[in-house]
Every structure is written in C-alpha cells, then in structure tokens.
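Can you keep this structure in mind? I'll have questions shortly.
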Amino acid sequence: MTVGIVGYGAYIPRYRLTTEEITHAWSHDHAKMVASLAIHEKAVAGQDEDTVTIAVQAAENALVRAQLLPDKLGALYIGSESHPYAVKPSATIVGTALGLTRDYLAADMEFACKGGTAAVQAAYGLVASDVVRYALAIGADVAQATPGDILEYSAAAGGAACILGNQKNEFLAVIEKTLSISSDTPDFWRRSLQQYPEHLGRFTAEPAYFAHIYEATEKILSENSLQAKDFDVVVFHQPNGKFPVTAAKKLGFSLQQLQPGLLCPLVGNSYSATALLGLTAVLDQAEAGQKILLISYGSGSGSDAFIITTTKLLKKRQQLTATTADYIERKEYVSYLRYRQMYARREGSKQ
Amino acid sequence: MMSPIEHWRLTQNRYQLEGVQCESCAKVYYPQKFLCACGSQKFSSKKLVGRGKILSFTEVFGSSRAFKNMVPYCLALIELEEGPTILTQMTDATLQELSVGQPVRSVFRRYCADGQDGLIYYGLKFVPDFNR
Amino acid sequence: MNIAVIGASCTPYGEWWDKSLRDLLAQAQLAALDDAGLAAKDIQEIFVANMCAGQLSGQVNLGAMAADILGIHIPSTRIEGACASGALAIRAGIAALESGRAEVVMVSGVEKMTDVDHALATESLMSATDYETEGFVGATFPGLFALVTRAYMHQFGITREQLALVSVKNHKHGALNPRAHFRKEISVTDVLKSSMVADPLTLLDCSPVSDGAACIILSTPAFAKEIGKHGVNIIASTQASDTLALSHRKEFTQFYATQQAAQQAFMIASIKPSDVDLVEVHDAFSMAEIIALEDLGFFERGTAAFATAEGKTVLNGQLTVNSSGGLKAKGHPVGASGIGQIVELVQQLRGQCGVRQVNNAKIGLAHSMGGLGATVAVHILAKEA
C-alpha cells in the first residue's frame, strides 16, 4: 500500500548557546569557527528535558496535525543517540506519556544521526504492509560532545516526529520512495560506557558524510529517472552549516532548494532529529504538490533517502500547532556555565 | 524517597493527569477520591487536559535529596479547567515571568533521577500558555 | 474541663551535637518529675510525641524508650501528628485521665534534627505534606508556606516589611528566654537580607531545625491538691483536621482546622478571645503566626499583620504573642514544640518568667499545627483563682 505522512511535528528546546559563548569559554577564534562551521548558535536542552521529554512534545504536535487519538497508533519507534537508558525503552515511556494503550509495537533505534529516519523506515514497512494502520516515528536527541572539542559547537537538542498511515485521503504528504545505503565506516562512534563520542576529524567528511549522501542521492534519482531540478526542496543531514551546502552544489541543487530545510546555523545538529527537523520545517511552509528530497546521514555509516510529495490537505494542518519556525524563534540565551550545569543536573552528577 | 514501584502505580496520574469523576454528581478530583462530598463511592477515571491558571507560585532554593541539585525551581498552585487544584513545578519560566491568574499548560518533563544508576522520574510540569 | 498541670520543664532548644534523642528525652522527663516533686513510680502512663526519629535516628517505638528512661513498666505510647505531635500527645494524656484509667500522666516530646544534613531534615519535614503529589514535585514545607504567603499578600496587600516584623518581635522575646535556640535580636533589614528560602520567605521568616525535649505532668485536680501542686489547669483541649494536601483546600489563606479547634475550645472554656492574656502560636513561618492569630479569632481576617506592625502582639501589649520567642526564636524541635508551648504558659501563669513575665497572666492559649493546618490542636490554660 502507498504510505504517507498523516501527521508531523517538531520540538526544539528554548535555550540557546552561541558559538561566541563557546569560543570565549575555550579561547578559540570566534571568526574562524563561524567561518568553518557556519553555526551561530545551537539549541540546548533544559535541566529537566531529555530525549524522552523532547520526543513526547514533538509527537504531541504530530498527533495534533494528524487529528488522531493516540490509541490509534499501532507502532512507535524512536531513534536517538542519547536514549536516557541503555536498557529500558524510551519508546514505551513516550507511548505512555502520549496516552497510548498497551497494544502497539515499540522499540528504540540507534544509527547515529539517522536514527530518526531509520525509525521512519521501520514504520514505513509496517504501514505499507498494513500490519498497522498508523505508526509513529520519532528522531530525538540531546546531543553531547567532549567539552572543548569542535563537535561542541554543533551538538544540539531537538526532536521531530512523523506519523505514517496508508489511508490516502489522510495524507499530508506521500512517501513515494525510500532506499538506504549502509556500510561499516569508522568516522564517529561512542562506546557504551562512555559519556562523549569520538570522531576522526577530517575523515568524517569525504569518506563518510559526502560518500554516503552522494551515493544515496544518485541512486534514488537514477532509479526513479529524476534529476535535481525536478525537486522543489532538498533536505540533507546537517552536521554543520557548510556540509549540506557543499553537497547541494556537488549534486546540482541550488541554494533556494536547500534553504527551507537548512536549520543548523540557528539550532545546531540535533543528531537523530536533524534531518527530520529539516523536513518538518519544509512541510510547515510547503504548497500542495511539491516534491521534496530528503537524504539523512548517520555515522557508522549510512544514508536514508526519501522522495516525498505534498498534498492539498497539508495546508489545512500546518498551523494547527507550533511550527518549526515558532520553536526556532522562541529562545533564551544561556551562558556556557549554565549549559554545563544543565547537563550535569540532567545526568545526575555532582556539579 | 522515590520508589520505582510507587511511581509505576501512579503513572497514569503523573503522565496523563488522570483523575476521577464522581458518577453521581460529576465532580472531578485529582488524583483520587474514596468518598465524594455527595456521598457516592463510585468514580470513573478522567484524563484532565492540562490547562489552568496560577493561584499562587514561589521559587524554592533548598530542597530534599532528590531535588537539592535542581534549585532554584518554581512551584505553583494551579486551578485546572475541570475544577481540581494541583501543586506542580513550573518550568521554562523565571519567577519574574509568573503571575497570579496567568494561564498555563502542562508539559512532560523529568522531575528527578535517583542518582546515576536509579530510575528517572518523569511527570507533568507547567509552562506559561502564551496562546491563551 | 479541669486537668491539673503539676510539673513542667523543657531542655534548652538548639543544636546539641553532644546530646542524643535519648539524652534530651531523659533530661526533660527527669526535670519535670523534679518540678512536680514526684518520683518515677508515681507516673501511671506516658505519652511521648515525636515526628522524625524513625527517619533521622532510625528509632521508633519511643513509648518503650520513655518508660525505659524512668525504669518503669507502665503503658507508654508514641504519638505523631507532624508538628502538632506534642499537642496531640497532651490530648491523649488528657483522655487517659478523663477515662479514669490513670490519675497521673507524663506527656513528653522530643526531636533530634541536627545530626543530619539539611536536605534530609527538609525531606523529613516534607513527609507532613501529601507525599505522593506534593513531595513528588519537590514541594518543600517552606515552599508550600511560600505559596500561602504569596496568596495572602496578594489578597490583603501586606508588605514584606510588615511580615518581617513577626520575626523581629519573636526574636525580641527570644532574647529574654534563657532556653531559646536564638537569643539575638534582629531587624527588618536582617530579615529581608537573609538568604531566600522559598520566595518571598527568607531564612529569618522560617523557624529553625532544632534539637530539644519538653515534658509536662498532668493529673486530676484532686491529686494535685493532695500533693500541694495545684495552681494551673488545662480548661480546654480541642483538635480538628483538614485535607493533607494544600491543593485540596478551598482556601489557602486561612486554616479551617484552626478555626474549628479554636471555636470549640472557647466554647468549652466558656471564654472569649478577649479574655486571653497570652498566646503561644505555631509560627513555623512568619506568615503562619499572622494567619493563626486570625483563625484563632484574635484579629479580623487580613489585619493581624497590621496589628503586629502596630506593636499589639509584643510582650505585655494588647495580646502577648509568643513570649517564649515562638518557634522562630525559641526553636522548633518538632515533637517537643507543642509541649514546650504549655511549659511556657504554665511558667507564665505561675509567675516564674522574670524579665519576660506577662503581667497579671490568668488565661493562656496554645495553638499547635501539623502540616499546613492538616492537624491542629488548641489548649487553653487558666490560673486557679
């Protein structure tokens, strides 16, 4: 059966840490950092927020747009790199918080920054085969990075949720096609008992991010006889504000196609949520009949590609709840110290 | 002293703001009631929507073991739309941003965690509702 | 009602790291026996009040401890009603006398709170509230009273400075009391500048965590006459309760249980508020004294703070409130407090208070509160004519 997005929602915490605050803390060169990363500030989670609470908010927004009661959901998948428990599923805490009853499939997923789109694909299969009628897929993270490391400038918090269904009259957007590229690439990882991830610096670019993004994009375009110019919008995963621009140029996409879904310069990289937040930002403003290409990337590595077309129904649901832009605009700046304090408090460590 | 089992027992109250409604006189209580003021002992469960207004508020600077590392935080007495009054924490707002009579709505947040290896206690806090 | 108070004593309240729960209880019990001129074997039943020993000292079964101290085997029972435990123990003692099963009863109270860190003491006091809904959200006792304070200030328009005058007065009295935890006078500025505990209540708006014990010996009037220790009687003893959770109240700026208990007490004693010469109220917080004075019927709603500001409640003013220094300056070892209030009234009615003597003291009232007015007990004492 054809699968569509029947509801979608975003959530970005209100706290912002500027690049300037971080360079000041570590005596880095501010101008150089902005030039190399194209990130001005990132969203960070409050001391009482985590992946689960962020996921709940994004999912509530998705349910509103879907005009669906939670007990209709037949499956719930959540992808993250920062599940609060290593063992105890975020999915069922989220499900209970949303008001699902007990009869649903659920599991947590992890695939670095493409945990969210991996959740979408898991939901996709169940809905396409009508094993379930509605499935909720969430990407959410409270991303961490070693203090003082370059990753600290981009590691951010956010969540995005999509509800997939197979009743055409309910589609806000159709998922026309999806495919993935998967490999074993050691660009970025975190061992289970470690607090912060490791990464291989410049190796995370060409052999990792770019190789997989290019391969997934070229494959989905060629298999569907499409070209870059056939799309109204393209959303790439955004580990910083520069990589997606480079990818767009290389693949023949214009900056106008990229702009609507490029959020990293203002909210950073919320890992499993990033690509999906780009999608929610696009869906918030899209007209009917627009074609969207979504290419996520997760270290380790892999890339999920989606061709999505919007419907007329989308326009009726966009404003039913807070939009991605609403969350981006709602902000309160925090100091570097406060950011570290909120992290310590969330992790339960002594400050 | 938080107990995982106690928390599990109270999940519907704490995550879903589930209270009860008297089957005789329709009065709504949160979180539970054994004997209604009207004399009835029959209640059905009722999920409250999580919208209300502030009756009073404060900011706490010292607390129990579970919360001492989270200070300062704000508490508020909220009168919910359906009638009951609850005590809750306010979040995403400083003391100066709160006022008596202010409309508020619920959000799902972490209350505390039992150290680094214990259970995480989630629940509903409230934030100013700018849409009302 | 006529219950004779034939012995009364309390330990100094304070931070006594060199004294255990047992040391304090023994000190008060033996001193009360001494005051009554009795021996341990003369006591027929004991009621001992305590709130936190289970959690803070790992010790319950305090009835056994109290009897053990005296080396006797009589009935001995622990009574708990949060911060009103002491007053409730007195009520239990009175019931034992009124039933005729005992002629001489010892009522003691003890609390040991300063051995543990502040977070644990805070937590222990939080168990007086509705733990599942209030404790879970981090509602500390000062936090709850701060909610009441803000609601009261919003409703009646009193200022922070006016509220501070309660603590200023109580410290003035405490400075005259050799048994008080705090014996230094403070100013309004001191109160406002002290660290914020729960907005708008500062450190000096809040009663302290203290160690201490108090003990009174009650008997039938006949027994008191027999041993020549008559002179002060309890003429009313009442109690009322209200919802455990503050959020379940209809009102937040008055406590129904206090109003109930007070009205009944005045009726039983056949007196009016204006007949009372001195009051010991449960000033867990400055605002608690204000609300208590109104609930007890001494001042109209919304006016007690103005009355305090005008000096009406100072020693030998229109109505002496907390000549002992109150919970604020005298201290608040929870289980002992309600009994310590009676000790103060007894000593005032006997004329034993020296520089803090209330002139012509004939009738005194004690008000004790557990939780936020969830459990309230009122006692009225009179000097025998």
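Labels for the chains are A, B and C, by order of writing; each one numbers its residues from 1.
In this text, a residue touches a chain if its C-beta (ideal position, glycine included) is under 8 Å from a C-beta of that chain, and two chains touch if they have at least 3 such contacts.
Quantities reported herein were computed from a predicted structural model and do not represent experimental measurements.
For chain pairs A-B and B-C, the one joined by more C-beta pairs in contact is B-C.
In this view the innermost chain, defined by its CA centroid being closest to the centroid of all protein CA atoms, is B. In whole angstrom, the spacing between the mean C-alpha positions of chain A and chain C is 59.
Our note on geometry: chain B versus chain C, Cα centroid distance of 32 Å, whole angstroms. In chain B, the residues that reach two or more other chains under the touch definition are 70, 89, 111, 125. Against chain A, in their complex, chain B makes its touches with residues 11, 15-16, 47, 69-70, 89, 91-92, 107-111, 113, 115-116, 120, 122, 125.
Against chain B, in their complex, chain C makes its touches with residues 118-120, 122-123, 126, 132-140, 142-144, 146-151, 154, 195-201, 245-249, 252. Note for the complex: chain A touches chain B at residues 14, 46-50, 52-53, 56-57, 84-85, 93, 96-97, 99, 345-351. Listing the residues of chain B that touch chain C in their complex gives 1-2, 6, 10, 13-14, 31, 55-68, 70, 73, 75-77, 84-89, 95, 100, 111-112, 121, 123, 125.
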